[in-house]
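Both of the next two complexes hold chain A, though its partner changes from chain B to chain C.
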Partner chain A sequence: MTESTPEDIGVLDFAVREHRSLWLDAWRRLISSNTARLGMFIVGVFILSAVLAHYFWKYDAKTDLDYSLKLKPPNLVATEKIKSIHPFGTDKLGRDIFRRTVHGGWNSLRVGIVAVGISLFVGGLLGLLAGFYESINITYLERIFLMGLTGLFLGSLSAWIAGQPIQALLFTGLGVISVLLSNFLAGKNTRLVLFAGIGLLLGAGPALLVGPLVAVVCGFLGIIVGAILSMPMGGRLFSNIVMRLMDIILSFPGYLLAIAIVAFLGPGLEKGMIAIGVVGIPVYARLARSAVLSVIQKEYILAAQSVGEAHGRIIFRYIFPNILSPIIVQTTMGLANAILSAAALGFLGLGAIPPEAEWGAMLGDSYRYLTSGAWWAVLYPGLAIMLSVLGFNLLGDGLRDALDPKLRI
Partner chain B sequence: MGRYIIRRLISILPTLIGVTFVIFMFQRLIPGDPAVAMLGEHATQENVERIREQFGLNRPLFLDREALVQGDLRGFFDSQYIRYLGRLVRFDLGNSIHRRIPVAETLMLRFPATVELAFLSMLIAIIIGLPVGIASAARRNSVIDGVTMIGSLVGVSMPIFWLGLMEIMLFAVFLKWLPTGGRLSSGVEVETITHLILVDSLLTGNIKAFIDALQHIIMPAAALATIPMAIIARMTRSSMLDVLQEDYIRTAKAKGLEERVVLFRHALKNAFLPVITIIGLQAGTLLAGAVLTETIFSWPGIGKWVYDSILGRDYPIVQGGTLLIAIIFLFINLLVDISYAWLDPRIHYD
Partner chain C sequence: MEPLLKIKNLKTRFHTEDGIVNAVNGVSYSMDAGEILGVVGESGCGKSVHALSIMRLIPCPPGNIESGEVWLDDRDLLKISEAEMRHVRGAEIAMVFQDPMTSLNPVYTVGFQITEALMLHKNIDKLEARERARELLTLVGIPEAKKRLDNYPHQFSGGMRQRAMIAMALSCEPRLLIADEPTTALDVTIQAQIIDLVVRLQDQLGMAVMWITHNLGVVAELAHKINVMYAGYIIERGDTGDIYKRTRHPYTMGLLGSLPRLDEAPGTKLISIPGLPPDLVALPKGCPFYARCTYRVGQCLEEMPPLVEADGKEHTVACWRWDTLQGGLRDDG
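Up next, the complex of A and B:
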């Protein structure tokens, strides 16, 4: 009787099985899914064509104009009348729509990528820090920093009213002292009264030199600031401030805020990137925060804390890699959204400046001669937007299944 | 519950103040002098000064230090921002720069158009999205399911302004079945009761106007419904799939209950919560974010008005419209939160 190897039985023992990393596993799941493959294909085609066209197919939007070819329907073979080939037809200025659609991809995709980069970086970082400091006791040094900053910030108002910068420094000092003496009268009302009293002195004292009424107002402010500084504030304060700021951004509907920001900055591709990026910040902040909150209770974080790892190291070495999957998924979906928003801005005439080729702007252009029946001028740029957005959405869906098989939305 | 609602109401106060602050700063930061904008380029220096005085534009932005130093506590708080808040409390949103009409009144006149459009879109989205989601969950991995999943993904990826343009192209330009835009054909009059034309024309028995209004609203409503429909279908499907795995569903099936009863009585009831949340959030977006659809179909709602005003630099309208939209958005989200706590007894609201 011959000895059977694991391969013969068809079952690989764990020890024999080749080593596979988490990411390799995810990659295999990703490419085994039809939707993800389709998404990757679409995204790949768009990115490749945009990049290749930008570098190897020269196009100058400013000189592209030929009235003799005005509004010609798509043709695939040259005829007597139209000697050139226009697979997508031509627009009101006789420009080849195929060429402009391919070149428009460069602008549209670029806006999407940069905008998501902005929201991801700012929002992700804020959410990461907010989630972390919300659940971890902050260190002595961080507390001094936080309270000093709070004192500086709140004291600045009083300092500005009295016209004496020294007050801001005094309140900063009060914040620091409050931390240094955090065990002094802790939890007693006496502490509150004491600090409010010191606040009154710090606020009203220097302000007396300016005028009696100023002293009253600054003294009143000082009492409030002192009382606030007497309380043991921790990371929750930071997290609360950040998340309330995010709430403010979120309370404006996305498109409207982006339009308002562009109206303020002035039209242009770069301005559009910034506007869409700012609008997206809260999404990533909320996502990163909730992801941090879900991993922070894990044993490995506790272990890292107990061996005395620094907070920065815990955040970037232990937490960050473990919240990466939801962020990657959201980023892919976010790219789809950003491309859509960029096209919307372009359509409204607030994105790319004409005659530059951009999908949204091309649609906005065709909107003006809609009644002429030139369906090709409407169909193709819009199809490009929809397909590229669909590509990123498909890829995002596939990524979610691959990175977190438990999740299903 | 009452205490929870009050606490949530208080909790949006800082956000609300933040919103007014952002909107106020937005107007201040925009390049150009509002007084000059009101009077036009050729205004005399004297007139500009007079307008600045009249509208308090010569006051400091937040607090007046100088007044305090001179012992004037009232003057200390007499700033542009505080005055702005004071006007807001009295529902005074200022006058339009170009047309000199009160912004608040016009907003109230235009708001019903937005509400009508948003409501009909939501209705379409729910009527189609919900059953489709249930069906695809009940027949998982079937053809229906596949079509739903692909269709909903396409729907989410749809640039609605493009869809709107294609609709106009097909139904208005080529087939000439429907009008290209607007709310009513010229010449058709409806007695105004609620300012919702569909409702008004029915109430007054004006069938001709009702049909005309319906022909106008159907294209924008269909375009606007696309994304919520896709999202509702996806959400219903995934929520139903979660519930259908529960033990009590197996028990119900084992008892020999009809599939219809299991699906609608047992599963749907429990799967409904996330769906309601999504519907609420989408309703907020629809009420607020119809800028594009309203622009394409020349729909006289708030979104189009705000957008036109941005282009025309009529900032009181931009400010007033944005503020109204933001407040509606905030309150709908609040309602969703509260209804969530109310519908799900497992959520503690203390």
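Up next, the complex of A and C:
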């Protein structure tokens, strides 16, 4: 038997363990799974067709109209009666369903990406900050920043009702002042009364220009905001305010809230994006916060602090990359959900404005003709919705398996 | 000589739902430059919390440093701003933690994390930092340091991760290294290697080391001085020889009695200290060790004994009956 020196073992150790990063590992696991590959394929086909159609196969929905081709069944060869080819048939206005389905994909994907982008950015950031400041000592500057943010956040509701954007800024200022004065006004009750009073003035004052009723509502809101701002700001208070707001949003049924927001903003694809995005915010906020709370207890965060890293760097360089996996999975699943929501809004006539091509709107346009035998007008957009949602869900499942920390070796 | 670190009456509390936890109750001592100090005690006796208080890394809320002073040179670390404190952390005082499995960030390479720490406090560019990181990894005994820089923590074994952690902590040449149970999660052979490593580095770099552990055997080998902590108090403090051979406090005697000895006859039973440490939420008025002490007298229940000198200036003990008690290991032990 030959003796091995520690150097040999070191070399062997290095040779066995191939050098690769966590993300590369995850990618390999992802492409080795059949479901994920199928999901990627479906999603890829939809994205590719939508992008290609948008840039190279221009379509103007407003001029697309041909009553002579009304509700023709799918045909793959041109005949004397129907000169053009319609692989998916035509709808009630004689429009080619294939073309509209492909272009609808562009709209649906756009809604999905923008809506999820809104939820992810706002929700993720709020959750990240809430989770971080809940468990870490905050510095004076951060206190000012958070309190200002809280003021802006809470004040914007009253500012919105009164139609006076300046109010939101005033409340932001109140939040900052609250921190600056925290050493001078120590008496808890004096502070509370003082800030509630200032809140009343800030809320009701600008709103009086609009009307007495608005002034009453805004004054009431102002008192509450002022009272909250008078509290000694700790990370926990900030986290509580954010998460309770998320609970309020979550307490509404998702579709109902989206419909209410669209009804308020007016129909249109962009408004639909905002509505679906807002409804999705709490999901990401909760997910991000819970992930932060579990990551922040790891010793490498303490180690980062003990070498003197600043809070901002700890958040974005140490915590953020470590909470990415659940967020990536949720985002992929969320895309499916957003596409479905967009279709639902479109179906109800609240999303895309006709004659714009959008899957939900196409369904809503054509379901009445199902009884007269025009199955193709409903089948293809429906199939597109189903397949794209399936594709994103399969991909999400695959990502979840690939990114599962328990599988990391 | 002016001491490196001077701690006066440090008190740390945690405000929890169950009440106020008195984790550190007025700890005072000083450390010289280049000194190795062992801090020993049972779990939950305030060893780690007092170290984190020095670094001001106690999560607040629920934790709070109620009072005290921590002097490093002419600065009170508890009074300076958070921004100044950030420069102290890493550059002047660095820390190594217990669990090497979670103390490195899994999403970055080891080299990245060391260069990151370097560039934070030193005005050097990336290439220099990388070269320095390689030197550091070699210094802590990692073979093929250059290749290892590009490895992720999961490609390192536990002992190697702890070495990498030490390299990271040493990166800015701190004057004090706080090692919070750095060998607890490692097996015995690796423990010995890490202890040798720290002793060697301490010798080479001349920094002071605070070694926190519950293992009396570990500190006996390496420490110059030892603080024995119990329920948030230092109950005995002195040179390593004094603590082990001229033990004055019944608790320290109990700890030593519970260690297995090579020179004892086979079959000798280990003596354990009966009972549990007191609840830190409701500390007794008198000595916290009263309930478990075999030498207790009435006064112990009434009043916490102050830390007084026994056997000269360097050996202090907090016990009313220190002058009647003497124990410890035999000289040949």
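Basically, the second predicted complex is superposed on the first by the 292 of 409 C-alpha atoms of A that agree within 3 Å, B and C clash if a C-alpha of one lies under 4 Å from a C-alpha of the other, contacts with A are read in each partner's own complex, and residues count from 1 in each chain.
Following the convention adopted for this analysis, a contact is a pair of C-beta atoms (placed from the backbone, for glycine too) under 8 Å apart; a residue touches a chain by one contact, two chains touch by 3 or more.
Please read these numbers as outputs of a predicted model, since none were measured by experiment.
*Asks:* Would you sort A:375 into first (chain B), second (chain C), both or neither based on which partner it touches?
*Replies:* Touch partner of A:375: chain B, not chain C.
*Asks:* Quick one: chain B or chain C, who's touching more of chain A?
*Replies:* B
*Asks:* Answer with first, second, both or neither: which of chain B and chain C does A:244 touch in the superposed model?
*Replies:* So A:244 only meets chain B here.
*Asks:* Applying the touch criterion given at the start, work out whether A:386 contacts chain B, chain C, both or neither, answering first, second, both or neither.
*Replies:* A:386 contacts chain B only, not chain C.
*Asks:* Please indicate which partner A:304 is in contact with in the superposed arrangement: first for chain B, second for chain C, both, or neither.
*Replies:* second
*Asks:* Contacts for A:137 in the overlay, against chain B (first) and chain C (second): which applies, first, second, both or neither?
*Replies:* In the superposed model, A:137 contacts chain C only, not chain B.
*Asks:* Enumerate the residues of chain A that count as touching chain B in its complex and touching chain C in the other.
*Replies:* In the superposed arrangement, which is not itself an observed complex, chain A uses residues 408-409 for both chain B and chain C.
*Asks:* Please give the residue numbers of chain A that touch chain C in the complex, ascending.
*Replies:* 6-7, 10-11, 13-14, 17, 19, 21-22, 135-137, 139-140, 234, 236, 298-300, 302-310, 317-318, 321-322, 408-409
*Asks:* Hey, which residues of chain A end up touching chain B in the complex?
*Replies:* Within the complex, chain A contacts chain B at residues 160-161, 163, 210-214, 217, 244-245, 247-248, 251-256, 259-260, 263-264, 336, 340, 343-344, 347-349, 360, 363, 366-367, 370-371, 373, 375, 378-379, 381-382, 385-386, 389-390, 393-394, 397, 408-409.
*Asks:* Can you name the residues of chain B that touch chain A in the complex?
*Replies:* Listed in rising order, the residues are 14-15, 18-19, 22, 26, 29-30, 63, 65, 68-73, 76, 153-154, 156-159, 161-163, 165-166, 168-169, 173-174, 180, 234-235, 238, 241-242, 284-285, 288-289, 291-292, 295-296, 303, 306-307, 310-311, 318, 322, 325-326, 329-330, 333.
*Asks:* List the residues on chain C that touch chain A in their complex, please.
*Replies:* Checking each residue of chain C against chain A gives 55, 57-61, 82-83, 86-91, 94-95, 97-99, 102-109, 116-117, 120-121, 143-144, 147-148, 150-152, 154-155, 157, 165, 168-169, 171-172.
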